[in-house]
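Paired with chain B in one complex and with chain C in the other, chain A is shared by the two complexes that follow.
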Partner chain A sequence: MMENVIELKQVHKSFPNFQVKDLSFSVKKGFVTGFIGGNGVGKSTTIKMLMNLLQPDAGTISIFGMNYNKHEKEIKQRIGFVYDENVFYEQSTMLDMRSIMKSAYAKWDDELFHYYVKEFELPIKQKIKSFSKGMMMKASLALALSHHAELIIMDEPTSGLDPIFRRELLDILHSFMQDGEKTIFFSTHITTDLDRIADYITFIHNGELMFSKEYYQIEEEYAIIKGATELLDRDTEKEFIAIRRSNHGFEALTSNKAQASHLFGDSVLLEKPSLEDIMYYTKKGAEGGAAINT
Partner chain B sequence: MLQLIRKDVMLQKNTLLIMLPLLVVYIALNASATILSGVLFTIAITMQAFMLDEKRQIHILFNSLPYTRKEIVTSKYIGVFCFTGLVLLTILIANLVIHGESPTWKELLFILCLTTLFFSFSLPFSYRFKSQYLLFASIGTFAAYLVVINVFIPNLHDLIREVVAFLLAMEQVQLYVLVGCALVIVYILSWLLSIRIYEKKMF
Partner chain C sequence: MQIIISNSSNEPIYEQIYSQIKRHILTNELKSGQALPSMRQLAKELDISVITTKRAYEELERNGFIYSVVGKGSFVSEQNNEMIKERKMKVIEEQLLSAVQNSKEIGLSLNELLDLLTMLYREEL
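Showing the complex of A and B:
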């Protein structure tokens, strides 16, 4: 039985014009889970609830098997966080922030901090607000990784970073995962990052969970089907999450590759969908019927 | 929680290095208004510390660190006394060095009482709204005060001076205890209210 580091059960959170509905999923210890979805579908809200910056209206959230009501400090001692905005004092330097973080965490490790500072080539006496976006991300990472956190929660860490730095970041995270004891949960809408690092994918849309699966499982279950429009009728359309029609035929996403393959046989082309394909078709499918005409 | 208070003092290092010498200069120039200067300097320094933490991003930072919201609020309420203490100490030493006499303990106590009273109201207000609105609230209060002076009680200033002089001349220990207790209760209620407000905040 694999251990869950994060467990959400039927979490609800309502805002005047948006809500997270009946959200349940778990994050496994020792793996990287990518949290995907479009803009404004509830990713940041969920991350804020995981950090106890927001409290759910209903449902339970447990982290390391504990809840925030009773164990807020114990939980947060074991989490490292990275946000996509600068959450540090404007006038502060890395050294100032180090002393603030150091006094907060029981397991703060100066040696580790200086290792990361050196590795990331960060100027510790320069004001953080003068850092570039990439340096800022490295600074956040150095501060998040220096207290031997077991769980790293990141909100859109790769957004706004150039491709080279995104790769570097993924390498850093990769080496962080080496001992098998650490867990990473991060949201992103740049799904190509996940190909390189994610073991699990949790996908939400409009505040609802679409799925939470192992990466390889998605590849086994989902497929893009391409074929002639004549193949589509009321029965066959039911097989798809959404369909895109064009003059050349149709393109559709199925979550049951085996059945679709059985149904259409050699008359269609089966392709491996990217996460972007899955997000795109799921959004279209949720918006209104399965049909998309282009 | 001690870490949070220490952090506030550390971050105010520069402000303190400017404000406290300024207070000394003020005392050297004008020895009579000890209470007023003490109260104003304490408020200025403490509010500066409060405003620095008022940004949404800083709330996110401290709420993500292993602190509870209760601790974050409590640290501010204790911090008030640290800053008041620093100001009182400066007043005491400056007066002793410059004028060769210390202010009466009653004056110092009076400063403590007034700042306690001020923060009892301004801290929950700042947590609920934002401290920048405190300026508007103060201007409103000041306007009301001017109206009161001009229209209703023309000799309000003299009255206040008399009341202050009367209070400072008081020898009844019981009264001091009573006022002290009342203030402690107001401050504790204010603290509990701020915690309630802050626990419901969303960032």
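Showing the complex of A and C:
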């Protein structure tokens, strides 16, 4: 019943100092998937491959059930791509961009364009290079939304935006999702934005998939455990992805909340982890053993 | 329909929605047959993800509080005896609570209150 809009199967991509390894995940139609991971772990590389700006060395990428070799044009028509950088021509205005987009996209909709321009309060005759970062993002989004894209792919859309505008952006995205036909895939490291909108979280680290699952599943499986250092020994340490010790006790992340709760009972404090906690401990865990000494 | 979500609570957000809608149904604030907002609309209004409201609605449906019609949305179910009983229990609890509060205000002991309750209960029968 659940349709996949994006499907990656065992995708590899090598660079001199870095590689994306055996990456497989899917993005569900009608939902928002947040794509998280630290800097330089392969998020942008993955997004570039999704946009066919880079080609995988091995593995397959299918979008709307099609691949880029045969259907590049069809796929691109149905995607709205929002970058974090200024991709507009220096001297162009929103009106100029409208003409460019109109000739590029078969489903370009002038009425919708004017609706978004008004909604986002964008001056259409002013040079885009004079826009603030927030306005630039709105401009990029207005253009992406005005050709009836079914899939919106965004690379770090909220970075560098003030908190008020980030909220507004999430509101716009909520509205966009209302008919259940649209899909959003976006990378971010501002994980608090995800609390408000993400249905699925796809997490990568060092070019490898850590997990891709429903947001609430994370709350159910993962927990931060805090307790006295005496509770740790060779056996109990195995329960954790990584442990942070100090002179005053330990704090650790588990991906098996139920078992940890059973094992430690009331002797520890169990807390809901933030995505940042999960990213932090996973990175530490991957770097070497479970121990982090402070 | 009022729903208040706490982001700092340890209770998952879908459970908060589930129990608040359930309470609205049991207290008859939401009446049988009444339409609920769509999952997507509610998600937008509460500023939370769609999958969270979806999960809350699925739980409500599984436990018979609501039903959904494809293409039309979700509605409050006809109430069965179990639900009516649960609703009554809720009302009784509230009434007893206010009796307890009143008793405490005037220094009536638990035993005195129990005596009074027993007397009233038997009299009515």
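General observations
The working rule: the second predicted complex is superposed on the first by the 294 of 294 C-alpha atoms of A that agree within 3 Å, B and C clash if a C-alpha of one lies under 4 Å from a C-alpha of the other, contacts with A are read in each partner's own complex, and residues count from 1 in each chain.
The rule we apply is simple: a residue touches a chain if its C-beta (ideal position, glycine included) is under 8 Å from a C-beta of that chain, and two chains touch if they have at least 3 such contacts.
From a predicted model like this one, the values you see are computed outputs, not experimental measurements.
When the two structures are aligned on the shared chain, A:Ala104 is found in touch with chain B, with no touch to chain C.
When the two structures are aligned on the shared chain, A:Asn69 is found in touch with neither chain B nor chain C. Once the two complexes are laid over each other on the shared chain, residue contacts for A:Lys48 go to chain B alone; chain C is not touched. When both complexes are overlaid on chain A, the residue A:Asn17 reaches neither chain B nor chain C. Legend: residue contacts after superposition of the two complexes on their common chain; A:Asn247 is shown touching neither chain B nor chain C. On the chain C side of its complex with chain A, the touching residues are 7, 10, 12-14, 40-41, 43-44, 47-52, 55. For chain B in complex with chain A, the touching residues are 3, 6-7, 10-11, 52, 57-58, 60-61, 63-68, 202-203.
Residues 30-32, 170-171, 174-175, 177-180, 195-200, 214-216, 219-220, 271-272 of chain A touch chain C in their complex. Put simply, chain A touches chain B in their complex at residues 48, 51-54, 72-77, 79, 81, 83, 85-89, 99-101, 103-105.
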